[in-house]
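The next part holds the structures, each set out as structure tokens.
Note that chain A is present in both complexes that follow, paired respectively with chain B and with chain C.
Up next is the complex of A and B:
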């Protein structure tokens, strides 16, 4: 070996041995250490990247599952609930309704047990015949109205647009005249003045439309109406009418020379006319509603609100009535609905029937009264009330279709005529609508229908959590700017309703109950099938199988199966369970077809068996490991005592291996719960709102639901996909926690 | 005592009663039979998979597929007519073509401009009357050579080139391995060689959590997080909403835990003596890790790598959600190679993604779509099977060395 021979010689040459010396050693070691450090940092960064991915993944989900949303309801749910209250009022005993307030005043004046409510102006006209009732100790007057102590106070509004003001001089100057003088004049009409603050705000709106005058907010300039020409039209509330009428007369007296047209058609009709361009100013005894606002906007009119006064409703009794001077809000609620006699309200009062005089159903006054006195929520209503609401708010055709799907009541029909129904249901089963046999709708179902068919909440804009937290101000400003009639609310997309609601095509109302139940059903089938088979196979391979070619093939085969992509199992399931064994998996072979539209094998049973085959290799391998960990001495002891192989396995080996087997099974099952692709191939339903009822039902599962929602382009579907992912992850977490718990508990015992 | 009694009986009545031979226990035989059946079921599964994939693919390659021609008959046809005038638009027909109107198959025997002469009622079908304007379908044989060479996958037009789908699968897998190999391996080396026991026991569960998250969640992550990120980095106009890059990266993240845990097992299996010998010679920790332990564990790491590729190829939900929803058909030579064909920022459907999309719709049995899915499935199965066998070979190799 030439090299070795040479080296000692060089070593003895003292200088330049070829090995570094002194500082050079230190330098080289430094270089090597530095290189070591850099690589170490690289290795750590790789690990950090993996952790960062997990954090990013979870953050993305949470980011989309919470955040601000802007919701626009087609119908206000509170308004609907109040409609029910209004119906109760109208149908209470001894109740007389009239659109004419004078008639109501006469009625109360003529009946010693009468009680009624109407605009304060009419009470003022009939002071001698009527007695005003205090509410919670407060009588209506300017002071209690402004402080808000008296509850039955409503604002009076005029609506117009900046465009109209700048183009129609007559209307513009009238608004100026009105805003200048209304507080001084209003008490003559019987109404209460509005606060200075509100008036200033209205004036500011006027100033903005008249920018050419160069007024600063807070300043005010009265314009002299004399000599003003041109025509304009006011339409709207009968309550505001006396006020506008009075002001118009004064306007004319001050010198206006044009022609005005003042119509008392009711608030709703007035706003509609205004939005259609048939009126220049709308008079309203309530704020404009979001739907109305939207219509106006579509027609190019952006309504501006002018608060011009305050109306207090007067609750009055007959002048001879000496026992009622004050009513609490609760008593007031009873007096106009459930109470039959005065004694029902307060035992100290006479046992005489109450005679009620209230405005009719078309009046804004009734709506206002229910709104102010009653506290109604849609979710508190009974099934009957919800059904009645639904009936009054959807078309008969739609109602019939819903009723044919599923009836509303056992013994009554809501939309269909009984004759037609009997005729339809007499048809052979195939042609018969499902409503003939299906169970009646539950209260919750009708509530959901009401939401989807009538309220139709529409999330028009969503914000992510991060955005919601960081840019709250900007979001509030943007929402107010772009969606003036929408409600900005912070929404947790994953909430109680989301978990309990059935699937829906509207993301705002969709839930995952069907999907969760589907997942549980499918997993139940999977476990029932794969647990015994998997453990059996593991026992065979570990305890019984001799080391021969067949058994080695079995083992190799199982290992290979564990590496087959899950989607291939889906294709196997499709060809075998869904297609070849259709009569078995659809339940037809047992005469058990749950749903005639699905008798094609795409059922929970097929899905469960497919997933069973999928996790079988995993389960076998895990169980084998658990069995292998059992000490051999245990087996030998059993066998030595004369136990048979099976007795040894069953009584000694299996109990010891059980925690390991269970842990492995749970891990395999959590894999199955998260599987999506094979179930899509097997034929998960894209949309089912009915809960699965057995192994032969159509199915959808949580991951399938997530997949479908993720594939939709709309942002709200992404939000509910994130929410569904959270539900799925919680399910998996619970399962894995169970695995850890089992492992800990049983390993202690060993 | 029993034995005494037995002995006395024995003496009295010659050799009759008792035998100490093992008694056949029917119950145990049944149980053993059941256990064996459980074991053998996995063979049935494999046989079932191979059988259905092969037979359904065979059906496809033996079937006469009907491709739309966009050519319509110009006149009303009664059951006896053999000369039919056809419209001018649509694909050209030739003598000898087998065509179909509704359910009736015909063979073109002669042509004269827009008049075709046909043999009616071929292949045992019944001649019938047809209204003018009905579209003609033309028979097209599917063969394996075309499938393996053509670059267009359009089953409705009778084109079954596997390459567009194969491209999607290969592209996502390569990108995934570019992420998973360095990250997974480096993580494994860090955990196995550098990290203290305490760090290991805290960080490993995090990787296990990553491994336990369902793939559909990763799909959501790719679409909602990775794609917007790529679009903001490379420009919205350069990156399509569905793109191979985003799906590939996320598939890579998804297989990092697999890659790292298998590699770590391999590194762990390297005997301590090897490390200590290297340290004894003055090697630094890095040198021990990279120049001694890693080469020693190379076969195990190779197995991890191959299994990871197999997993990437079979991965479905991420690519179904984020990679694209249509095969990227291309023509070599005509389409720009780097601008279009190999551009990872464009959408391309993978084999698995295609199976999921097509079977998610209303799939009817024995249709072209149905059969073609099984052909893709067969291809997928073979690819992953070969990779798994290769991986097993590597695993066995390193086991031999150190056990």
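Up next is the complex of A and C:
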């Protein structure tokens, strides 16, 4: 071999050594490589499949957790908030209200400190007696109205149905006459015309109801009213009244021979009359509300909207008033509510009381004014305002039931009479309602009640995320077609409210706060119990236990326990913690619980201890593994210095093993967070809206919540279940991240 | 065969008819040996002859092996350290040990030295103790500016000297060294050997070594162990190092030190 340099070929042509020679070497290596390649491909495919299924799972959840929904609110929440503002306006000092705008105009004209607002038409009729006030520098006219500079501009509507149009010839031809001539006539009444686009849209509605004429959209045919007979009734807005009155007179002049009845009763009353079948056409100075629409539809009337004009609301003062020429929006807000005198609004103005003349509660003008001038949101209201709103919108019977459950105010009763209340609460504790002793309702609680009892948002249709992204236009068209009174909105089911809201039986309002807190409480108990016990057991087994039969038996049992199905632990927890140790786990032994019938032993403490037992074997095995990985030389080093076993273990072995122990704990706790079956057995509550307050509270956890929601039939529960799964995932990741952070922070560099 | 040596008359530790068992297996049999104080004694012998077992018997480190059992007696200040009622923790406090592979604690250099003193209830000035221990271990100049760095940031030889420093810090009487240089390079080995020579002024040192040159160079006394047919180690010959290497009384000793077996 020393002559290798001169004879390299000898290396490949050796005599028989028992190994492959020459080309066979390469072939044999190829075979070996190929075998490795197949395994590599197999492993890669397995990994890809695992990743793919994970992604598919996540995609399914996300698909359900986001997407378009159609919501129908029984009551518009913004409307409710504005009602509170309207109440403030109506109850302000020196305020005269009337449904008749002429009265308002007369009132302002007669009082030097008067101020009021009404339809522009009435200002036009009284312009010599009144002075128009600019808002943010703009006076109402066609230009400022169309550009949007003047804020108090609103559309005027007529509502009727296709059925009425086809059955009532007089009304049908009147609508045709009006849609033909309104823009030419409207300025005589003092209102502003509708844009051509909106008018064409209204005409299209009329054409659809008169399909027998064979008109195409975009075409228009004026019908001659001459000789038309029959009666019809218009009811509604006092603002629209001058316009309808003017048009009806013209209609008659053009040859209509029937009898009409035009009533100025306010928009709300008008729409109600229309929906009740007492009027054929409703006049409205605001769009029909979702709740009104529902009432109509239930009565078999499907309202169709006709935009007929534009009103710029006039804010006017007495002609003698020389100091108010312009009001900012903020000043306007004060003038009609909290300000007592002009000086309250602007110190430069006289210290004279303000006399206010405003439309009444049934007026669409008042609704419009509050909407345009005030910025009201239900969530901004105070507890008292919310309670008053609730009181005006639910029945007294329901209100009493709620009050007996939990009072609204400490010192006042909202629904009950004080005498009856005292009588009811004088009963023995078992018989009297919970409201006698329970703490008063919080503002948030009343807000939630308002949502569930009054607003009653109802998701009537949900779309998946995929569908929402791909078929946006189709969804918009379908929603407009099938749910004209519903709001189509893109909803992230997992949002701030979902996380902060309490449990609710209405999926639209349900949140996971209770469940999150329950999970956190339970896991805290689990960790507090199982971490020290588990690590202690592991230290005993690894560092102290002699190698004898008893300890080997213990070890084997622990290993086997790790594989026991979790439901068995649930039964164990039920038998031990819930039943046998009830006085301890219910808190009765500590005098913590006044009414032991509420939770018995089915408390957070029982659940946490049960989960603690469940993960204990995992924890012990993981901790043992971590301790075993600590090099023996470290123990010897400690002992050789004259340290005791415990000093060595505590100062050197445990710190080195800690990262491993923490990793094991993370895995075990992650499992505990996701457990459902044992908690069902231990007695998780199916429905609690009260947050857990300590270890002796009833509980529910996120997985339990998800499990319950997925088993509900309504589609929306599937959405919130998906949202809750996302919350659970985030919670898991957050806990794990914390643990990983702790592990890295405290890990010892070897 | 000699197993008593009198240099200055002081015996630091002695084994009398000591047998060590691992379960049923007798690993070392009938050892009778006296180690003079303030001297360096080397234990040499072929692999598996039980030199480390004997060494570990002197501070009861064999207790860590569940099945280990010692018969006979080991006298330290006329007390048998295996008597009932003797706490091994106290034994190890007086008889320290340095291991084959450097095994500093995963803590700062300062902590490495201070920990043993602290757990043993040292009441004096810790900074001074750490400094003097590190100085004695000839490490002070190299680490005085980075006492808060991890012990693992040091080189292998420095780590071993750190281990010696931390042993010194608890002020033992005897330091047992189990092949302390086998994991080190020649330069580091030489430093440790020089250090051991220094340390013998204050401590009695018993060192197990595989390296006959090291025993010849660095020790005052040498014990040669061999293995019997029943695989139990026994003491073949014990003498002053010069004597043993230049004039072995035993034929097996001569064969071993001249490299004919082992």
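Assume the second predicted complex is superposed on the first by the 671 of 750 C-alpha atoms of A that agree within 3 Å, B and C clash if a C-alpha of one lies under 4 Å from a C-alpha of the other, contacts with A are read in each partner's own complex, and residues count from 1 in each chain.
We take it that contacts are C-beta pairs under 8 Å (C-beta built on N, C-alpha and C of every residue); 3 or more make two chains touch, one makes a residue touch a chain.
Keep in mind that this is a model prediction, so the values were computed, not measured.
Enquirer: Taking the superposition on A as described, I'd like to know which of chain B and chain C A:634 touches: first, second, both or neither.
Expert: Only chain C; A:634 stays clear of chain B.
Enquirer: Pick one for A:644: touches chain B only (first), chain C only (second), both, or neither.
Expert: In the superposed model, A:644 contacts both chain B and chain C.
Enquirer: State whether A:687 touches chain B only (first), chain C only (second), both chains, or neither.
Expert: neither
Enquirer: For the three-chain arrangement built by superposition, which of chain B and chain C touches the greater number of chain A residues?
Expert: Result: the larger residue contact count on chain A belongs to B.
Enquirer: Of the partners chain B and chain C, which touch A:674 in the superposed model: first, second, both, neither?
Expert: first
Enquirer: Taking the stated contact definition, name every residue in chain A that is touched by chain B in one complex and by chain C in the other, in rising order.
Expert: Residues 644 of chain A touch both chain B and chain C.
Enquirer: Once bound in the complex, which stretches of chain B touch chain A?
Expert: Counting only chain B, the residues touching chain A are 25, 27-28, 31-32, 34-43, 45-46, 48-49, 52-53, 56, 182-187, 189-191, 194, 203, 206-207, 209-210, 212-221, 223-225, 253, 256-257, 260, 284-287, 290, 307, 310, 313-317, 320-321, 352, 355-356, 359-360, 363, 365, 373-374, 377, 380-381, 384-385, 387-389, 391-392.
Enquirer: Can you name the residues of chain A that touch chain B in the complex?
Expert: Per the stated touch rule, the residues are 32-33, 35-36, 39-40, 42-47, 49-51, 53-54, 56-57, 60-61, 64, 532-537, 539-541, 544-545, 551, 553-554, 556-561, 563-572, 574-576, 579, 613, 616-617, 620, 644-646, 670, 673-677, 680-681, 683, 686, 703, 706-707, 710-711, 718, 721-722, 725, 728-729, 732, 736.
Enquirer: Using the touch definition up top, name the residues of chain A that touch chain C in the complex.
Expert: 546-547, 631, 633-644, 647, 651-652, 655-656, 748-750
Enquirer: For chain C, which residues are in contact with chain A within the complex?
Expert: Result: residues 59, 61, 64, 66, 89-90, 92-94, 96-97, 99, 101, 103-107, 115-116, 119-120, 150, 152, 163, 166-167, 170 of chain C touch chain A.
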